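Taking it in order: structure first as structure tokens, then the write-up.
Going in written order, the chains are labelled A, B, C and D, and every chain counts its residues from 1.
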Amino acid sequence: MRARTSQGRPADAAVARGAEALVDCIQRFHARGLCDGTGGNFSLVLEREPLQMLVTRSGSDKGRLGARDLVLVGADGRPCDLADGAPSNETPLHVAIAQATGAGAVLHTHSVWGTLVSEHFRSAGGFRIGGYEMIKGLAGVRSHEDAVFVPIVANLQDRVALATIVVGVLEAHRAARGLLVAGHGLYAWGRDLDEARRHVEVHEFLLQLAGRRLPLVRFEG
Amino acid sequence: MRARTSQGRPADAAVARGAEALVDCIQRFHARGLCDGTGGNFSLVLEREPLQMLVTRSGSDKGRLGARDLVLVGADGRPCDLADGAPSNETPLHVAIAQATGAGAVLHTHSVWGTLVSEHFRSAGGFRIGGYEMIKGLAGVRSHEDAVFVPIVANLQDRVALATIVVGVLEAHRAARGLLVAGHGLYAWGRDLDEARRHVEVHEFLLQLAGRRLPLVRFEG
Amino acid sequence: MRARTSQGRPADAAVARGAEALVDCIQRFHARGLCDGTGGNFSLVLEREPLQMLVTRSGSDKGRLGARDLVLVGADGRPCDLADGAPSNETPLHVAIAQATGAGAVLHTHSVWGTLVSEHFRSAGGFRIGGYEMIKGLAGVRSHEDAVFVPIVANLQDRVALATIVVGVLEAHRAARGLLVAGHGLYAWGRDLDEARRHVEVHEFLLQLAGRRLPLVRFEG
Amino acid sequence: MRARTSQGRPADAAVARGAEALVDCIQRFHARGLCDGTGGNFSLVLEREPLQMLVTRSGSDKGRLGARDLVLVGADGRPCDLADGAPSNETPLHVAIAQATGAGAVLHTHSVWGTLVSEHFRSAGGFRIGGYEMIKGLAGVRSHEDAVFVPIVANLQDRVALATIVVGVLEAHRAARGLLVAGHGLYAWGRDLDEARRHVEVHEFLLQLAGRRLPLVRFEG
């Protein structure tokens, strides 16, 4: 997707291909109940220097999403073309995560288990999970004996302030491939859309597992 | 949908469009297990002055619903055309909610979690829920720090009496976008069908979350 | 479906219509996880005097079922045409329930919640459930204030002996529209296939509700 | 599928038929959440003497799997054609199970309930389950009064060493039709793909049942 027009905007074909892949991913998540209502927002990086990414439109219904509901934004989180309307109000987090991690896609889901677990471990600032083969689905994990720490940050309606906090947390937890915003949901990312989607599936599996275990045993926070 | 025939009945095209959208919404809910058996009933306002709304037929199977299973009723809850047969016996609640709130659609679902939670908090007359980003999917909520109160009313087979009680509860809880009938299910509404559907998804998410949390912690009623 | 050939066998068209409707019902149940593996069996009455009914073939895979997997049997539970192969080994229960209740269809599902709840209340011989609007989906129930008793019988591999016990239980509980075989699953029936399917949906909803409530409160057995 | 080319490789048509059936099975499992992310791997025996089997490619996305993602391997677990790329790194377990049991297909799923239950009973080396009609879906079980023992082995990233341990466990538990790798998932097998798929469905049902019962009663380990 390196083709560029003379104006610095990615070529229309690259935008269209990216939009199609992102919409397909979101529809698959919606069918699994990961972005009910207007919950969740999603982005795909099309250009790095300077940053340009597609982000879901503010308040769009994820069950009926189409390419028309994606907005191309720059590194300032503003739409490249004002006629496109407003991107998600969580765009500052997408931009910050893409820049801090070099991710090619950032996916934010709202699941019941993610919400419940984020609340349970909120005061600990995150939770450590290991001993499961599933964690090998995260880039950089080589053995089930490894453990990953999933950071949890408090929710803030000031998304710019929240993005700043998230960048600090990511610097402290460089192995993280996802993080929870407490009472809100999961952000996961990857070097491309396929890896990001896999990271969402792995985290959502672990969140459900952690949540279902809570009534049984004290979880090794 | 303002086009009207000389008889005061909405134009056929407006009825057909509304019916198509309502049927699509119901089929999506049925696929998610929100209206099993003959559970649930649904309405869409076509005219305000005087009120005319489409309501699902009494006892219709929501998994096989078509436009033929919708009945046009007036402000008295009676079919505009007797040949259409009987609307849901919960039509008085649909009319009352549409008039009390100005809603353009009223959607009533039967979920396991809604039933369980409605029973748990019945004696408290409702439950307060806040601190979750998901509540921002409700019209009028600006921050996850807000809290919403979901009223619960006792179930009554006398639907006219039940409707009167519901109107009183709505006057006392003007910010509510949904309410539970104990041991029965959720009513949610919105200014149009899209908003009402979103309000159902948000409430059902919160009900599942509240229900799954019950074994873990005392819920802040 | 009263059309009969001179041989006393229902007309081919009646068999084909019945088979199509029954297969559609089973496929919908399978998609919801109600008959995994070879679990579950299903029947539809085509003739009353003498009894002739379609029953699913022994060991058939419910996820790939077709009309070829249905066997026409008589009141003795044996295939009308030996070339059709063997019907389900639970055919004696289908015949017994159809004759004892006058049902037009008998549907037997295997759900996790049904299995769990049947085990929990086994020693009590059943469980009473009331106060839920959903029970109005059962024929004969007029108010949520009614209660229904769902009988539970011990499982027996001798299906003829089990059928005899079931007939006794049905005589003692004439209002029942379903019963559980402990550690095994639900039988529900209705005057026709639509009512039987609705009775399955209502019972499975109540079984899930009862099961999810178990960790929360003592259930009013 | 006995047709062979002169080179000892199964005929292309046999490979294509096998691949189609295996891909269909995997897609059905993925739709049910049994192989999220890159979780799970699957194999089908095409030849016995010497062993040749199709195995899913390493790291393939089970939600988008096609015949191109299957690799034909021999008894040494290596691809018959190096151009096919690398099979799953769990291929040694597939080969070992196929040889130890004579299975025609070996299916490995990752479910939340399987992971949770495998961890709970890990120290006991497995768990016994009986009294459920569902166990009759396992080859060799004649009555619900029988019980089956589902062995659990510790997870090892050294798949060759793990395969050796699994062979020893299978010799000690000849009636087993499935086993759990702790914190990892289920392996189930059958004389052909249909039986193996049924054995997965039966085990996953029992794992969910066992997991949901844990908060209620002490499980008869």
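By definition in this document, a residue touches a chain if its C-beta (ideal position, glycine included) is under 8 Å from a C-beta of that chain, and two chains touch if they have at least 3 such contacts.
Quick caveat: nothing in here was measured; it's all calculated off a predicted structure.
Asks: What is the size of the turn, to the nearest 5°, that moves the C-alpha atoms of chain A onto the matching ones in chain D?
Replies: 90
Asks: Between chain B and chain C, two touching copies, which fits better, same or different residues at the interface, with half of the numbers shared as the threshold?
Replies: Since fewer than half of the residue numbers are used by both chains, the interface counts as different.
Asks: Could you state the distance in Å from the CA-based centre of chain A to that of chain B?
Replies: Those two chain centres are 32 Å apart.
Asks: Which positions in chain D touch two or more other chains at once?
Replies: Where chain D meets two or more other chains at a single residue, that happens at 215.
Asks: Line, ring, star, complete or other: which one describes how these chains touch?
Replies: ring
Asks: Touching residues of chain A toward chain D in the complex: what are they?
Replies: Result: residues 28, 32, 131-134, 137, 142-145, 194, 198, 201-202, 204-205, 208-209, 212-213, 215-216 of chain A touch chain D.
Asks: Quick one: which bits of chain B touch chain C in the complex? Just the residue numbers, please.
Replies: 33, 36-39, 61, 63, 110, 112-113, 115-116, 119-120, 155, 157, 181, 183-185, 211, 214-215
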